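In the two assemblies presented below, chain A is common to both, partnered first by chain B and then by chain C.
Then we have the complex of A and B:
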């Protein structure tokens, strides 16, 4: 039955020591064959622990494999060259000085740190030591995401008609049955080979071969091996994590199934007796797996703790494998297992029975957590000695042993147990029966509060090993029955999965302007704005400072001409004869009366009068408007418009055309001369006024031109179909060459707009800002018919403002506050800076800040924190540059 | 996209005014890869028309090569080969003109608004399954059907337009996501041996369409 071929050997490293493995070995099997018995140290007491379940359920084999912590080596296939190391040990697995903590466990009863470290400074002082001394593996250090060395995770989606969980005989039968009925089936199995427990019981080999062969040959059946379902959610959504056979990272699979069959079988859980965690104590199914799957003899002389046919079967198996079976004892006869680290005997009333292997025929617990998650109930069955699933949702069903088929109790329930500090109910968290009793006596006598106080069942096994025991202890101590005590809630993820798998591939969406590669060629230094990549500025030389680069671009715009890519601005076309009505309803200004060919600044407020977004609205024709929004709010504005359109019956059609337009802003005293070379449109002010729009051609491309001035100079926003973007950009740069044109980036644009005191929504406003406090009261037209926020804005107009957005000029040379700096009054915080930059035209820094209303007086001096110290500034309400706006109208 | 492909060594030609990748390696090699496994082509150049209003759910008889992809009530995306663009546009404009004032129809050329990638080949469904939460099986998404979905939370429309016996899917997203989508699909297809293919191979494959 052993699947390893002795002829195919390889080695891997355990703490730099080579371990020989055979093909088909798990890491744990190879280590065990090489004589390793201690695999981990326990969570709190650092007790040595060895293989127990050999099924990936218990915490006894969690090790670090190739840098990944908490790998269950008993089920992880060995690969040549892999590096395995213990975790949570000091200094070594064999000799861990922290095991001495057992001697002082009387100082650390359950919940001791809740009661002891009640003062924060004390807790802060001891917490690092507690965390260091207790716990599991450490997360790998952060790796540079661009180095290519950090793991990458895949996700995928599977749609199926029937999902079968479990590759044992019941799961295989269910999959075959569904396939025969013509359904598409996805079979999800934790193991590398189908068959479940049939894989390691020699008498079932032929049955396994036939069933697995039929499934593999069946039409429409997809088998996901080495895959675990960690969550069963609404509408048949299953979270599945799959481990690749050849190493690498686990992948997350979203399975959507019309019907789910849970055939996850049973899990064997330990029994309660003193020293039930010693190395050499193994579950009967673990022994079967070692012998059946890997051909490993687990000991020389064994005592079997169990009763009935199962104990008899294990005895035969051991004898057939050459193990001397010293005795089979009933669980209630066991007083303790003896030994310091490794079991050396079983003590009963009749004396000590020497052995090096204690085989425990433990509780067989239906693996029904997923059924519980799906909304089913778990009810106690005295007959089966287990909690069995009932009242399942219509699309979920259970099959096989998970339903309780053929189950009998290993011991009477609730079980008897010793009140011992060495009788472990929870191996993951080192919670003993003594701890549980103490907690129950302290009042935590409900199974849920007991769980939270003691952390029983909250470790890596998530209750698989310990839930039945802890319920038993609770039931016995409280005098309630098992059913009355009940089970704790099963929540995903169970079993645990890595956060990386949940996060998925590292390919966050990136938006690129049609001019992206043009910017790259011009030396753009990139910044992320939401999902957009935007040029912060263009570095002519690598050693230029940001200030020098920005000043160069700034002076081009103020003195000659500059061009900036404004493609990321949200762009929406609104068409239909009722478009004006919708815009009047949603925006605070009037747009139904806006004349074709005109542009207007536009603000959206919510029902409370809070500013949500701003932009421009151009009326291209009677039934055709062109809207721009802030870069980050595009999707919201589209949804907002559509929301308020619903049920109106109006003829309005809204289309997001952002990606389809390449947009640039050509600005500066020479902007007209540059554009005039590329278009027949009359750009003179008499024909093309400030806040007007025209359609025509620019460099041969169909274009919409808006004469607006975010940067405070005469300028035109030019929107062309994206496919013409590069051509138009190059044409503008070529036409502007003789005028000294320069492309400029977002940082330069921010300086230019700040000098004009132009607000950026979301930067200079927040979730409470309204137009009156933001010093743009003229955007609200309260006299127009009802619009979103009108009632609130009416109230706000007459109410005293809490805060105001003010402009300020720094009075101290060289002091430039950072965005977010505090405004101070008499040494106390009195506001916050939203934007501040050095103004080249003013020769000092200027900025915008929110301050209390009474402070917002023209000319008043305030303090702004710069570098942690207050610096003097003066409030100025007018724009810092061209306050009359003459340059915009030239 | 064309500029980027050119940087990677693809052969770029101008077809009907569009810079188009003719081939990345050789048309024969690309054809073989698509027929054997899966290939990806940039079809952003195909004409796309947004038809809204009126009864645009029931469009008139269009050019036989046109793809009609309903988006939601009153909204349809129409695609066609570049050589049919003028004819399809004319048919749509005629339809809009004939619409009554009570239910006006608006037709917009949205060719530049959407990136369109074609994922084709026997493994294309598997690759799609690594990108989007959709059932790409023959029963759930038959030929000439479409579905709206998300690719890594980016809104996308997936339309099935088989190339004769080969399953093929058109994936539409906003143009601004174009390069990202290309990279994402290529990465998702690595384990299937995905191969980019150009217009030469695509035209040969299109010829298999009935």
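Then we have the complex of A and C:
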């Protein structure tokens, strides 16, 4: 037909066996042509299964393609060199030892999980085997999102006026009509070629050619081929996955449409009779597709199960293709299909009719799941024999067969079926009519509970093959009508899609400081801090231990001078007459009265008194403040300040300048001497006190200097425009060379600050920490007229504390607790460690921990778990290093 | 959740561009009694119907706005900058 041009052939591998394919072949078609009949083994009974729908609806052809599990090979185009493999078979498709499980199916009645594994140890013992036997493929090997070796999934956004779902005649007509009215149209079609069922019925070829040609030429119509809508969400959002033409991963398209036309047509669903799942039993539309799309004749001698014009049509198609049609039998005359794995005949009351192909004219079921999802109802129509969409939301319409056009008594109400352990209602999960009957008799007689108990319609086909027959069985068993029984709720995603498509592309945003390449040249070992890359430390030799590296950097800061890149600190400029008012309202301390040229530690609490963020606020001029925030909270602090500014009418302007500044901290007893070589600013304490700020030049660059002491030594934070960052960094290292300066990383900084008991918000505090319990009561100024959290903090100040943040020193040598270890008292948990490190100055580990209030006594001994065993520690409230802060003020 | 919010600055935009700021309620005056603070801090009306809420357009104009949302359908009836419409355009549920 149109797609197949036999001149171009190629091959791909099934296991290790080459399969010849023609251009335009799907994987499944090429395999079928090469003689493959068994494509999968069923989920529970491991019965052989072969092509059934050839439309990507049923579970019978899920295979592993190039490492991707659960690919529907019947519709996925074949490509040269691809590797196709079966799933969950031992050892092979043709001979699967697990098929023996059929013999023991009396051991596995419906709901057997719940009935059998009532004891945890039993379940733990058998679970691995069940998972292996009953799984659906295998997930690809672990994906490292930084390695660049995992598949990449793109996402895309489309905005349109009219979205049309379905490329059949109704969809094409709708798209043309919308385009004629001047709308922009996006047509979403599952198939590689427009036309829907017109593609495989020879008499419709001309109609297909004309319609598709008109749509392709129409103004403002975008066609998304090989794309499926899996969800119709509120406000006209459509979730669409699209497979690229040249293979590779599917992409997720977010389509936003003003109006949606659903023209998804009908799906042919299997009929219920014994052995209705045997290989060689095919749906009539599957046969039409094999013949019409791929020129494949699926058998030599066929029995057609069906009646009326559809049966007549398929009979003449088969005859024209050279198939001997042995008989056409009405569905109610079929007793069973015979054969071991492959169908070899149809048994009727009149005897067995031998054949190698059973063509089933199945139920035509409107594919209305999306309309149901979108908020429409599905009501049973006796006349149409179908659940039809009604009460659709205003922007959603149905067109064509999905709303029942041309459907007359498609499904008898309710349909007859045999009670058999080999009559499969649900092919995905191997649920038989006998299972459904049992479940209904056990009391699961509502269609929703029946679904959950038996897992009918919960497999990969999401009810496409089994929904109508399970409703039919339920209706007949309970004596209710089809309408009364009703349909189960339709939820996205339907059809199933890969998690990778939802996860999207592999582009984790990365932030780098202006000094990134300097660090790299100095041998930085990187760590991720939020989106930032920061040097953890600098490795002088590859074989140095972490302890040795950190100690080297540590000693430089404590004994000489060190420099650390603090570029990731959040930096905000606040300007305007009323800046002080806003900061007084948002921060707990006073800032309106802070003198220009001074710096103050600053804490934000929420209205319940919980610490949200901390940093410093420097007043550069009367109407100009410079704020720093923790790295992760920058965006939040900017939004929080803006929020409290709304409706005040105050003259305040807030600017996030983080990306525009390069910031370093030069600290240590020799810091003054190093910086003095680079600036004219008088750095002597008389002129530049601890907690003061100045503006001036450093190494010729305009700079803001803050004299603060996070690491506990005399030091200056130097902020310069980002473009000058590298120059200033190099100048500082050069000037510090004679003093033995070293750059230090985040890990060293953490040791330094911990010795000073400086808290890191979000590490040492959590969503319940207030300043009183965190041992920083002095940051709250309750005498201020108002600030965020004042009311709650007033209550908390006088209330008994639940827990307190305490410092502790380990009393046993060599014991360093991990962050998060538990604090023990008399063998019971009594708190948790937030930070702990080996302290070089103390010669033992020190840390911070939350403990209950009554434990928090100076000098009290507690146990901290180290390596699973308790180790002695003593509570110490003063800082572990320079508790008077003399070194900061030198 | 895939509704849109008509930002008064940027026009109709997907909710994913916004940060939710909670129900709109009036902060008690300094010195208000404990019960008023308790109500403000911990009690939400969770209106079934139209509810006024704070939204921040973080991937757009980066401004705070208020939106009146019908919680049964997620339809945003209107959105406005508080300073501009505060006096004339109070939403339901606002005191």
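In the analysis below, the second predicted complex is superposed on the first by the 880 of 890 C-alpha atoms of A that agree within 3 Å, B and C clash if a C-alpha of one lies under 4 Å from a C-alpha of the other, contacts with A are read in each partner's own complex, and residues count from 1 in each chain.
Keep this in mind: a contact is a pair of C-beta atoms (placed from the backbone, for glycine too) under 8 Å apart; a residue touches a chain by one contact, two chains touch by 3 or more.
Owing to the predicted nature of the structure, the values given are computational and were not obtained by experimental measurement.
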{"item": "First, second, both or neither for A:16, with chain B first and chain C second", "value": "neither"}
{"item": "Which superposed partner A:646 touches (first chain B, second chain C, both, neither)", "value": "second"}
{"item": "Chain B versus chain C as contact partner of A:233, first or second or both or neither", "value": "second"}
{"item": "Partner chain(s) touched by A:655 [first = chain B, second = chain C, both, neither]", "value": "first"}
{"item": "Touching partner for A:608 - first (chain B), second (chain C), both, neither", "value": "second"}
{"item": "Contacts of A:884 with chain B and chain C, given as first, second, both or neither", "value": "neither"}
{"item": "Between chain B and chain C, more extensive residue contact with chain A", "value": "B"}
{"item": "Chain B versus chain C as contact partner of A:684, first or second or both or neither", "value": "neither"}
{"item": "Touched partner set for A:790, first chain B, second chain C, both or neither", "value": "second"}
{"item": "Footprint overlap on chain A, where chain B in one structure and chain C in the other make contact", "value": "256"}
{"item": "Complex contact set, residues of chain A against chain B", "value": "154-159, 184, 254, 256, 504-505, 507-514, 516-517, 532, 567-568, 573, 575-577, 651, 653, 655-661, 721-723, 726"}
{"item": "Partner chain A, residues of chain C touching it in the complex", "value": "1-4, 14, 19, 21, 27-28, 30, 32, 34, 37, 40-41, 54, 56, 58, 62-64, 73-75, 82-83, 86"}
{"item": "Chain B to chain A touching residues, read off their complex", "value": "3-4, 18, 50, 52-53, 104, 106, 108, 110-115, 129-130, 132-137, 140, 152-154, 174-180, 183-184, 187-188"}
{"item": "Residue numbers on chain A that touch chain C, as the complex places them", "value": "233-235, 237, 256, 607-608, 635, 639, 642-643, 646-647, 649, 785-786, 790-792, 795"}
